[in-house]
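Have a look at the structure below before the remarks.
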Amino acid sequence: MTDPRAVTAISLVGLLALWVVAAALTADPQILPAPGALLGPFWAELTSGELLYHLSQTLIRVIWAFVLAMALGVALGIAMGRSERLNRWLDPWLVVFLNLPALVLIVLCYLWIGLNETAAIVAVTLNKVPNVTTVVREGARALDPGLDAMARVYRMPWTTRLMHVTLPQLAPFIAGAARSGIAVIWKIVLVVEFLGRSSGVGFKIHMFFQLFDVGMVLVYALSFIAVMLVIEWAILQPWERRVRRWRTA
Amino acid sequence: MTDPRAVTAISLVGLLALWVVAAALTADPQILPAPGALLGPFWAELTSGELLYHLSQTLIRVIWAFVLAMALGVALGIAMGRSERLNRWLDPWLVVFLNLPALVLIVLCYLWIGLNETAAIVAVTLNKVPNVTTVVREGARALDPGLDAMARVYRMPWTTRLMHVTLPQLAPFIAGAARSGIAVIWKIVLVVEFLGRSSGVGFKIHMFFQLFDVGMVLVYALSFIAVMLVIEWAILQPWERRVRRWRTA
Amino acid sequence: QDLPVIRAAVLQIGTVNWELSTIVDNGLDEKHGFELEVQPYADNGATRVAVEGGEADMAVADWIWVARQRAAGKDYVYIPYSKAVGALLVPEGSEAQSLQDLAGGKVGIAGGPLDKSWLILRAYASREHEFDLAAETEQVFGAPPLIFKSGLSGELDGAINFWHFLAKMKAGGMRELVNVEEAAVALGLDPDTPLLGYYMKESFLSEHEGLAQQFYDASQEAKALLRDNPDEWDKLRPQMNASTDAEFEALKTDWIAGAPERGPIDLESMDAFLQVMNDLGGQELVGQATTLPDGLFADVE
Amino acid sequence: MIRAHVREKRFGESRVLSNIAFEVAPGETVAILGPSGIGKSTLLRIVAGIDTAFDGHVETPERMAIVFQEPTLLPWRSCLRNLTIVHPDLSEDDARAMLGRVGIPDKAGAFPLQLSLGQQRRLALARAFAGRPEMLIMDEPFVSLDPETSETMLALTERLIAEVRPATLFVTHAREEAERLGSRILELRGTPATLAPRLVQNGELP
Amino acid sequence: MIRAHVREKRFGESRVLSNIAFEVAPGETVAILGPSGIGKSTLLRIVAGIDTAFDGHVETPERMAIVFQEPTLLPWRSCLRNLTIVHPDLSEDDARAMLGRVGIPDKAGAFPLQLSLGQQRRLALARAFAGRPEMLIMDEPFVSLDPETSETMLALTERLIAEVRPATLFVTHAREEAERLGSRILELRGTPATLAPRLVQNGELP
């Protein structure tokens, strides 16, 4: 089994089989419908345009929050990892914001900024920045002092240094934070949407959960997951392969 | 300003000052009460035993889920990072579980396992394992092949290799995953508690949110954060200093 | 001491607790031959998961929801608890006199797009004023506390919320623009339809013959006590979260006004109501329950 | 006994080694010479079983010790632990004695990054010598050392080889070193590298 | 002009360097000798401005180049990019030419980890020579190289120094190397290390 595509396909089929078995064991389509039972509702939502509309709304929020959170988080993480002094000052804040419940931040954002898009994105970003910072900070602490000395002696400008010395070393940390980051962001977006937006996958999922319609909840959840799988294969993995080439070549 | 304790204290006071200013600007104790206004309710909850009871319930869940998620996540992360073959098989599952909304997993766990403590802890663990795996996998991919060859040639038993070769290299990744991990776990525990437990900080926070009693929400949220700060200072930071000694010595 | 036990999963802050507390405190459960055990949860969804997961025997929901579940194959049975009481409120300074005046404004709705009050008001607007409320206004669906707060702050031009928040919003100065009860009457619906109720599994009820009636009796007796005996309210006050006497009185009056008359359910008016809901909300709201499912309503009187 | 026959080793398109065969008997010491980049380290890695992506086969005894071209220590463990982790049977006293023999008796508690590069290389030598290997592989073991220290290390190596009699294979750029330690010299030449004919007759497989 | 006066350098409790003062004029080449672990690299790091936690002061020109004891390359960038990133003014042709001069003309597109250690060291030399440094610091630049390659590198260094005339300070263990390149030799001795008196008269500060 060496063709990666085949492996991925078989693996996904296995997951589907697991679901079929679980559905059969549960034997209650209201608790866990079989995959086949979702095709009809999925098609209906797709052709009505509902699914695409809500999916795109959620994606826009996820992308905004992701870009903002990664940029801020990486910058803060590098700064705090490199300067023990700065770290000592900011660390208590980091712990507090890291552990502030999503609900609290989201509600405060909605109340301060208003029940609008800006508030939603700010809330998600604020929720996620501390996570990115925490992971990247560890990476920045583990930077190679030898390369650092080299960059210093050869008087590299800071942009060169960032691009060619720091970021490549942080790549595994950033990749980890990014991948688990999108997931966390999308989960927070779900909460943000059901607490105060009128569109998006989270809004729909919550509505269908209220109706106890597990099937539709799954239709929406899995649609997003499908998008994530595509992003994983089309963007993340090729990028990672390129960035990691020097290790394996 | 070189005494770390003093810096931490001042930093926290700064955060408090920020809060006071924000509260004054908001000028609505229903939206954001000033810190002083929380002392009374805090004391009442403390002396009634309510706060400690719910806090301890939540902590027990967090600790269980944390230990389980870290153990499973690190093991899976190492395995997937080291074996490209295994990774190819499991990666699609990882992406799916990473992006499965917490709500879906939690509700399914409750319905399958029952509305009990086991279900709650399993739900949180399942939610968190993929995150840990993702971060640790990146670390395992970046392991030094030189040390690996050394361990192989000298025929190190796998336990020795894990303890002295692999885990020390993964330490920054594990530290990052652990720290952001506790935070994520506690956020999921909040959801788990409001979706199906009758105790815990999450239960109380959601209840007070329904009543729009932001003050009590903050009392409970901040109590947990205080616990996390203590854990950070009493356990995590000393441990990290010890583990990082070889870099800075 | 072999009384059957009813485990009730309820929102810890739900108003249904007032009734259940009264039942337990006055021993009405044992008097009517069962034992009531209240399990508090923090979220409506949680109470439903509890019943479905077999961890509780009873929870509260609106009957359209119960009908939908029953039509989808669940053996849920409905026992009335409370009538619909809702309204659309406008901020203190608002000049709106009818729903049409909200055109171009922002309406906050706590229960989501399938909120019954919202649907009834939409039907009312289109029938009375030929005015498409959904198209002419911007809707903001949000958590009840956020709608409460945004409503009071004037960010919204109109707000529909769950009734205990409505009481507080009115106490906070907001004005009732349209009452859902009036709207229902105008639509030819029976305003006495008990929209909210308890539901239990049929399998559970059949294990204990007559239990539905026994519980209904206890519920009715508690309602009577609360209606006739102000002292009972004083006992409840600590759990009512009323910050002022005015709020307390408003909550009390509204609650009593919402208690439905004793008696069997009028299937005809229920069916009429369901048809209206089906027209408005469609399958998304009622699921497969396009007609009243058999055995939905417990046989109580 | 080391028996190696590398028919071919390539990195992608470029062939690095071709048709190299030799044996090293227990107690025998073979030096490998050759210009930088010819494939000496690659050959050692193949013999040590680290690189298995080649065409050919290698037979080696079980207990081996290796000195890489770079120190390859565990930077997060003290010098002493670097010896005792790799050799769990080694007593702490013996480990300390070993540190003494390579000239860093006072560094037992230090971390590798607190050593000079020469000291790190000596620690790597100590690690290789501390077991009783049946087979010893060393990639330029005595560079980065001043003449005096280098002499000490050479003498130490000679003693170890005389005591334990492992099959030894080592790379060096210094012909004196090769001639002093080696009972035989293999010289790599050309692209892809082969054994220079004049030196290998007695070591070549049939 | 390099002017250095290190009154004292200690790591924790242990004093490594004590009262070392010297100057290196532009075009002058000074070799540093001394046993392994004495403090040569530490001294170079202080002069290069990498280690600032010492008692004393150092004055150096702005444009410097360094060859560390280990290659210290950017493993995630190709060999060519390793030159052009550090020297943005260097044209790609010049960079390729430089790779040719250190004997790895075919490795422009390879990543450093695909090089042998000797090739990596030569790349590090190429990096140092590619700028026109006013000051050149080298820590054992010619180890791990076979005699022939080593000779090529030495010649290349001599030519660079003659062309650009930087103030050069380098560590070596090979006295021939020191004598061939160095216009002066500083020898470190003792604990803490000081300059061995017989060699420093003319280099010492007043």
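Here the chain labels run A, B, C, D and E in written order, and each chain numbers its own residues starting at 1.
Here, a residue touches a chain if its C-beta (ideal position, glycine included) is under 8 Å from a C-beta of that chain, and two chains touch if they have at least 3 such contacts.
Since the structure is predicted, the reported quantities are computational estimates derived from the model, not experimental observations.
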>> Same or different interface residues for subunit A and subunit B, judged by whether over half of the residue numbers are used by both?
In response: same
> In angstrom, rounded to a whole number, how far apart do the mean CA points of subunit B and subunit C lie?
Replying inline: 38
> Cα centroid separation between subunit C and subunit D, in whole Å?
Replying inline: 82
> Using the average of all C-alpha atoms in each chain as its centre, how far is it in Å between subunit A and subunit B?
Replying inline: 17
> When the C-alpha atoms of subunit B and subunit E are each averaged to a single point, how far apart are the two points in Å?
Replying inline: 48
> For subunit A, which residues are shared contacts with two or more other chains?
Replying inline: 31, 107, 111, 206, 209, 247
> Which parts of subunit E, given as residue numbers and ranges, touch two or more other chains?
Replying inline: 70, 114
> Among the residues of subunit C, which are close enough to touch at least two other chains?
Replying inline: 45, 52, 143, 145, 149
>> Can you give me every chain pair that touches, using the contact definition above?
In response: A-B, A-C, A-E, B-C, B-D, D-E
> Okay, in this complex, where on subunit D does subunit B touch?
Replying inline: 45, 48-50, 62-66, 68, 70, 72, 74-77, 81, 85-86, 88, 110-114, 131, 137
>> Help me check something: in the complex, which residues belonging to subunit D touch subunit E?
In response: 11, 33-37, 40-41, 69-70, 103-104, 114-119, 122, 140, 143-150, 173, 175
> Tell me, which parts of subunit B touch subunit C in their complex?
Replying inline: 30-31, 107, 110-111, 114-116, 193-198, 202-207, 209-213
> Which residues of subunit A touch subunit B in their complex?
Replying inline: 4, 7-8, 11-12, 15, 26, 31-32, 88-93, 95-96, 98-104, 107-108, 111-112, 130-131, 134-139, 141-142, 172-173, 175-177, 179-180, 182-184, 186-187, 190, 202, 205-206, 209, 214, 217-218, 221, 224-225, 228-229, 232, 244, 247
> Okay, in this complex, where on subunit C does subunit A touch?
Replying inline: 44-45, 48, 52, 65, 68-69, 72-74, 108, 112-114, 139-143, 145-146, 149-150, 155, 285, 287
